Amino acid sequence: MRFERRDHPSRVLTVLAPVGAIVAALLVSGLLIALAGANPIRAYGLILKGAFGSRLGLSEMLTRATPLILTGLAAAVAFRARLWNIGGEGQFYLGALGVTAFGMIPAVAAMPAGVVIPLSMAAGAVAGMILLLVPLGLRLKFGVDEVVTTLLLNFVAVLFVSLMIDGVMKDPLAFGWPQSVPVPDSAVLPKLMDRTRLHVGLLIAAAMAVVVWWLQSRTVFGIRARAAGLNPRAAAFAGVPLGTTLIAVACLSGGLAGLAGAIEVMGVKGYVTTDLSPNYGYSGIVIAMLANLNPIGVIGAALFSAIMFVGADSMSRALSIPSYIADVTVALSLLTMLVALFLAQYRIRR
Amino acid sequence: MNILADILTSVGMWEAVLRIATPLILGTLGVLLCERVGVLNLGIEGIMTFGAMLGWLAVYNGADLWTGMIVAALGGAAFGLLHALLTVPLGLSQHVTGLGITLFASSFSYYVFRLAVPTASSPPTIEPFRPLEIPVLSDIPFLGPVIFNQTAPTYLALVLVVAIAWGLNRTPLGLAIRMAGENPHAVDAQGIDPIWLRIGTIMAGSALMGLAGAFLTLAAFNSFFPTMVQGRGWICVALVVFASWKPARALLGALLFAFFDAFQLRLQTVVEGVPYQLFLMLPYLLSIVALIVMARRARVPQALMRPYRRGER
Amino acid sequence: ATPLKVAGIHASPVENTWNSVLHAAMLAAHEDGSIEYTFSEGVSGTDYPRVMREYAEAGNALIVGESYAVEREARSVAGDYADTAFLMGSSGEAAGDNFGVFGTWNWEAAYLCGMLAGAMTETGTVGSVGAIPIPEVNMLINGFADGVKATNPDAKHLVSFIGTFFDPPKAREAGLAQIDSGADILFGERIGTADAAKERGIKAVGSMIDYTPRYPETVFANALWSFRPLLDAAVADAAAGTPTGKNYTPLSLMKDGGNDISYVEGAAPAEAVAKMEEVRAAIMAGEFEVPRNFDEPK
Amino acid sequence: MTRVLDLSNITKRFGHVTANEDVSLHLEKGEIVALLGENGAGKTTLMSILFGHYTADEGEVRVNGTPLPPGKSRAAIRAGVGMVHQHFALAPNLTVLENVMTGTESLWSLRSNRSAGRAKLVALSEKFGLKVDPDARVSDLSVGECQRVEILKALYNDARILILDEPTAVLTAQEAESLFATLRQMTADGLSLIFISHKLHEVMSASDRVVVLRRGSVVAERATGETSKEELAELMVGRKVERPKRPPATPGKVLLEGLDLTLSGKGGASLHGVSFRLRAGETLGIIGVSGNGQTTLAGLVSGLYPPDAGTLLIDGRAVTTHDVPHAIAAGIGRIPEDRNAEGTIGDMTTWENTVLERIWSPEFSSRGMVRRAAARAATDQIIDRYDVRGASADGRIRLLSGGNMQKLILGRVLEAGPDILVAAQPSRGLDEGAIAGVHERLLEARGRGAGVLLISEDLDEVIGLSDRIRAIVNGRLSPAIPADRANAQLLGLMMAGDWSAAAEIEAETQMPEHKKAETEDAL
């Protein structure tokens, strides 16, 4: 038996595959739910209800999707250029720290929200960029594989955050808890629905997806970045400046992950702690892959992952089964989705 | 200065180094095997968690410690099989699959653990491996207690370093494994199916990761709890590069890393005013420095992260 | 009466000692029919406010948890659900009518344990392993250190922080490191510390729960903390409809039965025990106040 | 005669491409069969089926009368079939001995018997004159040595039937000759051989029988003695092919001039004080054994890297910025040496591959945005004008055969109307028909006044296309000789570094370059 790539993937399969994947993931997690003595069918209903059944559920689902769209974009952009940025998690944290540090500048307090919000987001993005430029520099200069360095820098970044929020950036009013000073009120993103956590970051994330799609498919930079990733030697022969192209890609990727952190702080949390991210950076990588590295697809994949998580988490409480089932369901559906997308692109031959 | 000398010459410090290094040695050997055959396995963090949980659960339910170790290895191999099926015949992206496995295996472990041990008010415990004093040898001054007063899995890890070094360099199977990591077309042309070779090797490597996890619950500590692997798996991934894909250097790297960890714990008790985060950062930063130093010399398996599909152009 | 619906939200797994005290108290109340208890564990800071809202919307009358890391958001959630009572572990103040807080104040018991340890140490060095230097952890370790000083003014006190709230093997390694530095009695603010003591055959002091059954030969004293008085008070308030927006911490004090020492008979020298019991009685009687010090211990 | 191999009625499809259709082929003991066919005719596929690498959709393979189980390389190896792959199947970081021994011992034995392996390898390499160091790392070997390792691998497995897929594509004439000597020695030893080649003179001199494939089917079979190059070329392509003749040159002004160019090669050969001139309307051929600096010279002129010292002048002006966009803008068209690794990006579409090197030009982008419609139109035009078969603007270029890929590259370069053309190994690996097409295009460019710098290892090609020929040896250029004075022996001397005869010829046929420059200045 072997797999053969289809030159033109069939549309029917491309639509059916994700459905199949969700079914498969739900079947397996249904088994696990049954193991806990609960009724899987009821559980499925509760998952849907949890994510869509109430104002709270819907808003929470969209709130959770927001950073995932951005970290997913960060990974998609980098992977297209074969820049293996596994450091989204660290860049997310530095972005969060960056926005808070920016808010601590005395002059910022005097500025109006219309100025503070864009500048704050830029500060977060720049912080994320810097963290990715380090491993890229090491790769370009010394040939150090970035898979490992970006991975390691995640831990360094979180420790650095911990150091800062325990030191110079510590909130004196936080009863000694290691957390940063809050961002100024003028940097807080407006809510989309009141009495919920949903904020305009969602729209910003969706807009970024469109921008990235446009950059990748319509601009010289996009085509060059892809060429540099797919075959650096041929790209160099065609005159693509490899170094600058990769640096630009890294800025975009790190910037998006940093922006994710900044927006999470400005829209949801208000300050930085070391548990700001439930693996947003790592999930972004899988989400990017689910979307086949397509920026618009990232929105869908992020929503999917958020639905699964928020729905399953709420279901676990309704059924009093261990809440870890939510993470299990999400991870499972990511894996089955990867397989399904593959099968849609290949045909099986004897 | 005196304090530093005291720390560096204490038996306890060096004993701790070997103990802290053990899961790193096992995990690094696991990653090393996978990478030598051409597949990155970022599932390690989750696979270690699963091994830790499963091994502990077996012992908690009455199995003896070695059965627990074997069960953990089998559990690791099972997730290895999953990773292998997705990345080898299907050729899915290795980073992404690995991260997916990590997310899945760890949450799955927590879930199963919570089902098996529903309402524990403090972590239930088992009777873990005790340090085995090897007679005579452990009486050697200094070295004796450091090396010959460890738990059995530590000795197992050390033996495995030698066995895997031998296996990779001196046996026909090891040769085939290395070739599959360099150029799968070449093994195929010699009549060995690289697909099966890769699947088998990844399973073996993942079994070692399972053992690495089990060491945490069956020897280093006596109970399981969520998030207990704490990034040790990722360290192993870095150590493999540090070790330029060589088992003996993997041992060295693991010891070095453990040294920093043990050292910072001891330094904290005597040096004041330095934030603990700086100490904790040290091993990661030093790993990166080591990677820079090694980068020029490292011989990366040439087919690492390149899926092999027969007859695809 | 129908039992009150109570939900617990634990940021850590319920094995974490602090959470386990709350969890055990609520489980016990569930068993004896005074509440109906459901819980979520391992809830990260990002998810915490959502889980609070979900439990509030699900009709729970009282929500028990920890708002340490989410102080602002927790209060804003409470503001949105005026009909639900909240009882949150917090270093801050109560808010509104329905946001009650409590602290973990077993530093008095830690002081008493320190007195025994100071009398028992042979090397003249004791050690404490803590999580992160936050006020409540600091207070506890300082309490222990002050107790040691009270009976042994020359004793040396080592302190390590492991940088996380729940990593027993790391606490164990930190404990071993302290033993290597000469400590012969360890105060385990974190679980895992006593494992180091057990392995090296020295003594240890437990915190919050009774560790002696788990480490019979090793843990000779515990600075116990009880959540049941706080829970009962809050449940009573919620059931009666009286505002719960107050500070329940005083119920943690020794004189109110919120914390106390437990120790193994015969482990410490009799005169040390006697001296300690004297101080204990004085605290109970309100004649002696153990200094409360939130600063990071040195 | 005993029949050792029989392929009967083999059919193999990839998706909707039929690579082999009802192919039957046999081989007698001690015989050398040449397998001939255009690019994409299905030769490699057929051999891969024989070797068990692919499974045929229909048909059967018999070795010594016993059918081979399909899709099992191991069975083929056991049955005594050895294969030398078109793209070497070697592990670069392993030693020669390790490469040869892998898979030859039981996988479960606890110790690999290296000394026995080494002894066997050394014995084989002595017996057949295939010299290699068993302990050398394969990544340090030359292509010729890699080729030998590949053959040794097969022999080590006791192959009685050896298949060689384009063994000489990357070898020099001398290496190829010694390879064929070895092969003949093998047949004397009772081995039977099938080899694939596009070089008709090799086929004529080395084989006993020729089988011609076209579009996946056998179209002819001839005893070598009863056929001719011309007939074979015609059979292969299906029409009469002749390499185009070079009309007399009318050289114009100097378009490209190198003055004392020096470049220390990073990982490649260096250039030491190279000077040359290329005039409008002429072709300057540069020959040489690989590893002497051809690639470096081509890369330098193509704008890939700047010289360490010396000057490059285009149209009389010194180049200051050495990068690809400047080179292209200055009118240099570049045909890369390796079309798969350097010339194309397999997973990108044909149109992207077509416009990538000129994406900065206003024709294909404005203000950073790609003009996709224009790019597609330009690509369609090239596909049409250059007869790039199987290509569509939006299809992945990976699916094209070598010859068609080369046509596309020629198209994208020539459509820009370059004044200077740098063609590195332009017909490497191509079949007769494709080569004729490429040559025609190169001559056309020269005819309209472009200067062509032809860098090639194929002597026939260089003699056929160039006006003047120089050799590159150790990073230095020999004197130039006119093509009509060239013969294999003289070129051999030049490539070996003996330049005395060439210098004489240069002196006698034309003024040395510096004197000529003076006269020009005087005019």
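Labels for the chains are A, B, C and D, by order of writing; each one numbers its residues from 1.
In the analysis below, a contact is a pair of C-beta atoms (placed from the backbone, for glycine too) under 8 Å apart; a residue touches a chain by one contact, two chains touch by 3 or more.
Which chain is which protein? Per UniProt: A, B = Nucleoside ABC transporter membrane protein; D = Nucleoside ABC transporter ATP-binding protein.
Every value quoted in this text rests on a predicted model; they were computed, and no experiment measured them.
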Touching chain B and also chain C, the following chains: A
Chain whose Cα centroid lies at the greatest distance from that of chain D: C
Between B-D and A-C, the pair joined by more C-beta contacts: B-D
Centre distance in Å when chain A and chain C are each reduced to the mean of their C-alpha atoms: 37
Distance from chain D to chain C - Cα centre to Cα centre, in angstrom: 77
Mean-CA-position distance for chain D and chain A (Å): 46
In chain C, residues with contacts to at least two other chains: 42, 163
Numbers and ranges of chain A residues touching at least 2 other chains: 4, 162, 324
Interface hub residues of chain B, defined as touching at least two other chains: 110, 226, 277, 280, 310-311
Touching pairs among all chains present in the structure: A-B, A-C, A-D, B-C, B-D
Residue ranges of chain C in contact with chain A within the complex: 38, 40-47, 49-51, 53-55, 57-58, 68-69, 71-73, 80, 90-92, 132-135, 138, 163, 294
Interfacial residue positions of chain C with respect to chain B in the complex: 13-15, 17, 20, 23-24, 27, 42, 127, 158-161, 163-164, 166-170, 172-174, 176-181, 191-192, 195, 209, 214, 298
Chain D contact footprint on chain A (complex, rising order): 4, 6-7, 218-224, 226-227, 230-231, 233-241, 350
Chain C partner contacts - residues on chain B that touch it in the complex: 7, 10, 12-13, 16, 20, 110, 119-123, 125, 216, 220-223, 225-228, 230, 261-262, 265-266, 268-270, 272, 276-277, 280
List of chain D residues in touch with chain B within their complex: 14, 48, 51, 53-54, 72-78, 83, 85, 87, 89-94, 98-99, 101-112, 153, 157, 346, 398-399
